[in-house]
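Please see the structure below; I have some questions.
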Amino acid sequence: MANSKFEYVRHFELSNTTYLLPNTYIIIRIDGRSFHRFTTLHSFTKPNDSRALSLMNAAAVAVFHDLGGEVISIAYGVSDEFSFILRKECNLFERREAKLVSTIVSIFTAYYISLWSTYFPSQPLQRPLPTFDGRAVCYPTIENVRDYLSWRQADCHINNLYNTTFWALILKGGMTPQEAEKELMGTLAKDKNEILWSRFGVNYNNEEEMFKKGSVVYRNYGAVPESSADDKSDDKEMDSEIKEKGVVELTSMVSPAEAQKGKSRSQQKREAKKLAKAEVVIEHVDIIKDAFWEKRPWILHWTLGRQNEYAGTEQ
Amino acid sequence: MANSKFEYVRHFELSNTTYLLPNTYIIIRIDGRSFHRFTTLHSFTKPNDSRALSLMNAAAVAVFHDLGGEVISIAYGVSDEFSFILRKECNLFERREAKLVSTIVSIFTAYYISLWSTYFPSQPLQRPLPTFDGRAVCYPTIENVRDYLSWRQADCHINNLYNTTFWALILKGGMTPQEAEKELMGTLAKDKNEILWSRFGVNYNNEEEMFKKGSVVYRNYGAVPESSADDKSDDKEMDSEIKEKGVVELTSMVSPAEAQKGKSRSQQKREAKKLAKAEVVIEHVDIIKDAFWEKRPWILHWTLGRQNEYAGTEQ
Amino acid sequence: MANSKFEYVRHFELSNTTYLLPNTYIIIRIDGRSFHRFTTLHSFTKPNDSRALSLMNAAAVAVFHDLGGEVISIAYGVSDEFSFILRKECNLFERREAKLVSTIVSIFTAYYISLWSTYFPSQPLQRPLPTFDGRAVCYPTIENVRDYLSWRQADCHINNLYNTTFWALILKGGMTPQEAEKELMGTLAKDKNEILWSRFGVNYNNEEEMFKKGSVVYRNYGAVPESSADDKSDDKEMDSEIKEKGVVELTSMVSPAEAQKGKSRSQQKREAKKLAKAEVVIEHVDIIKDAFWEKRPWILHWTLGRQNEYAGTEQ
Amino acid sequence: MANSKFEYVRHFELSNTTYLLPNTYIIIRIDGRSFHRFTTLHSFTKPNDSRALSLMNAAAVAVFHDLGGEVISIAYGVSDEFSFILRKECNLFERREAKLVSTIVSIFTAYYISLWSTYFPSQPLQRPLPTFDGRAVCYPTIENVRDYLSWRQADCHINNLYNTTFWALILKGGMTPQEAEKELMGTLAKDKNEILWSRFGVNYNNEEEMFKKGSVVYRNYGAVPESSADDKSDDKEMDSEIKEKGVVELTSMVSPAEAQKGKSRSQQKREAKKLAKAEVVIEHVDIIKDAFWEKRPWILHWTLGRQNEYAGTEQ
């Protein structure tokens, strides 16, 4: 075949294929490209544009739906970035880095573009179109993942307090950006709170939670009634979806001793189905303190054959 | 600062950052995800849908425009895949693999979604939206790159001849897909040509070039008049664009001895500008034989400070 | 400087530097190269040569001593291979893979060659000299590490039972290697035990533990009296050794919350010193069952600032 | 089998296996670990110890012999480092980085230790034993490789001129190391030459070539008479050696069109044999200028099926 003498070029792919370490949490963070220019061009409200943040959140929810129930544990978004935490057990695309990153970036981009007119009905999308880049990093423990999320949420707080004060000085205080920047140089959090309150009558605590806390997206497994997972009616469809999404073959990734802790294969399937049915929710809450995680233990602790213990814990 | 105790998580990024080998051609290939389902859902014409291929080409052209003049040498598309060949000297994102792949996938996706209604005016886009994954592979020599492109174009020919015959058997011959598959098992190219001609009066050679050859996209540098690069009017804008796009700092990637072969810094700039002005063209031609490359030497041989030699070679 | 125009070549190193994922156990396994030929050339006793295994163990102990107290947790050797488990917190060479692997292989090789005449006094070393290759793999959890070690020890048992029977058939039973191989085809463990016992009066259980279990090497931290670590006399020397060996900068690798669990900096130092003083021991014992690990909790659970809890647990 | 439930740990190896990019030159550089302490402990002559450099060279020659005729093109050594340039076509260990680096480091270490007493007959080797680490970097073009070697040789010159002057000031001028360092601060090459000549009567040009140029090691293919390769007597042995050493399967690495340029399979074999017979030589010559390479074209240009053109070019 004429093709065969060229096919040797496929051997080069081996050198550029990265398989992410098994049994670790994969965090894929996407960032808007040149969003400074993009937000100016499209007249985003400063310091925060609720429509734009809601569009980001809608695109993130679409990633959950497109990838199915067992790939992503939780996602966290702030400004023009979103972090997706994949389960330790995830074996989608055999954990090939380029496929994982590019797929999530592509889904996110597709829905961002497609949903634009829903969130900005009177604002047509101009070129260059908004796009995103992405990267993947592995974290071995739950502590590392929580610290990663705490890092992003602490960053959200720091940046939002700064931006809120900065734009108040400009929009309400009549300063130029340069003057505002100078004014804030060296100030502490309490100084910024004081500026907002004393000069502009703004109590930072009353700002929108979405601005102060960012957006937390996850499947509300705890709210799904147990019986729902027993419903046999859609077994086949679910089974095929679960399979199609590249759900982990446990034997290849996790200590079997650990994976089999007390759960039968059919129990595992039922729980996976229940998870797939759980609604994807968006919340603007503290994820640095323990409370969030203690109430929703399935998010990080969930392992096929173990997540059942956590059902119904959410009020 | 509250953030600092969490920031240690950034150290993990080092383990998952791949810098692609300098002084090699980077080929980024993107592929449609689950396009079988997608094309069925959107009633694509079989075996080829001209609207769909033109939409792919338009998205590829948008990648050229978004990334500026000196990043991509040439791109080749067939079916639901597109390969972008980046210049050896490309230093965009310091050649970080995840950023390069995800950015190109994101741009491609954004324009595919955005331009959909132009190419399918009466066919609304349904969910799940079309998305793409991508991967990067490095090739050290021009021979390797040409063999890669020959591999893809030979593949295009083989698949298109098969698909053309397969769908003729179904659409014109009234066979089921299973019957058509069986009929074609073990047939050679000449057998398929014979089936097309004797049973359906189809001369394969007369099929559309876009179907038989795929789509070649590149900047037509050879057609830009020399004087145009001397035009000083838009110097500033160009300069900043060239800088912004992450154009290679030659000293860091290529043997300086080689890079400086006879060209002054200002000459190099002028040539880069000329390249940036060259129109992006789409052709459906043979790229396996030498003729295509001999007529357009700037595509692969182009190096900052050398491309001038090739100006005006294209008729 | 004449050198500067060539120095750009250093940029290529970035593409080939792998930093192993922080907070994971690094296992470096070394293997003898072409040891079949080497053992024949040097008339090793079959199926096991005690001198050769003792030499392997001595080289492994030298790796512990050369790298200092806090790099390696435990090592396991069988036949011509040795696996070194590095602590999760290890930051030696910033966890650069090539440096870690090549350094351990080089130390092991140097001592193997240098100690040869001690273990084979009447057998001069012939060319080609014995050499080893190595590789590094990361494991995120203690369970993964224990399963890795269990895999190697189970392999040791399987191979040793086979080899013991195979060589009994040849050396005592007068078979050719081909006949022995045929005889053993399809046999289970109990069949081999039966062959050994009924034909050659050999009770496999009475074989040397080193042959059946392999060799376990670790620092006997539990046996160091607590007071020894308080000895101030050699503080300076120890301090510099601890620093020099590239001991982890905790802040860069482990969740600080976790690392600081109740230990002061000076406590941590004292414990590190105690560990450095612990004798390196070689044992031939079961490491698949829990007992070994429960008695020596410091081996895998040890973390700077935590290991003190385990002192004195060993009887 | 008891082993099977642990074997899943092998899947983790995939994440830590790096295959170096095909069709590029692999340079493996090894460096002495803590050689400052080692050379002091063993009373090396300052600034250069001929015995020590000769021992390094002997170990490098052993690497050539151990790996066979077609793996390494050339090696360059200076001080306690040695760089080995592997052929573009090299497919040893499928180009797995860890195996390539660790194997070369292990061979080098083994011979360094084993040959120590030959070069230091009255100086017993003390602990800690001398060891080496290594790293691999790929370079795509001959220009890059030559620039790499020029970088190392220019470095050799710069360091040697400095060290020669530094130690003259101490050993002949009676300065302390601190005084000598201060004296040399900010001096240019000509200043150092002047210090050597005017104060100590030393003409730097008359220093040993090995000190000024370092050591170049390669197979003197050009000096092998053509007929020698036709000698059929040792065909079998050679054949098996060539195979055993993992010589490239051309089809998998290089454009076949390029590889087959005019040479038959049997011609290629004959040439490979001739190369394997070529003596490994050590020279202390300039490798920055073109002359060295023009006279020995087989070193870098050699490709299976092409090297014959270069036979007999060396005088």
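Should a chain be cited, it is by its letter among A, B, C and D, assigned in written order, with residues numbered from 1 in that chain.
As a working rule, a contact is a pair of C-beta atoms (placed from the backbone, for glycine too) under 8 Å apart; a residue touches a chain by one contact, two chains touch by 3 or more.
Which protein is which chain? UniProt says A, B, C, D = tRNA(His) guanylyltransferase.
In this text the structure is predicted, and so the values were computed from the model without any measurement.
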| query | Among C-D, A-C or B-C, whose interface repeats A-D's (more than half the contact pairs identical)? | reply | B-C
| message | Count the C-beta contact pairs for B-D and for A-B, then tell me which is higher. | response | A-B
| Taking each chain's centre as the mean position of its Cα atoms, how many Å separate chain A from chain B? | 30
| So, what's the distance in Å between the C-alpha centres of chain D and chain B? | 41
| remark: Within chain C, the set of residues that touch 2 or more other chains is 8, 12, 15-16, 18, 20-23, 138-139, 144, 147, 255, 257
| field | Arrangement of touching chains [line / ring / star / complete / other] | value | complete
| Can you list the residues on chain A that touch chain C in the complex? | 21-24, 138-141, 143-144, 147, 255, 257-258
| query | In the complex formed with chain B, which residues of chain C make contact? | reply | 5, 8, 11-12, 14-16, 18-23, 95, 251-257
| field | chain A-touching residues of chain B, taken from the complex the two chains share | value | 1-3, 6-10, 12-13, 15-18, 20, 30, 33, 62, 65-66, 93, 96-99, 101-103, 105-107, 109-114, 125, 128-139, 144, 147-148, 150-151, 154-155, 157-158
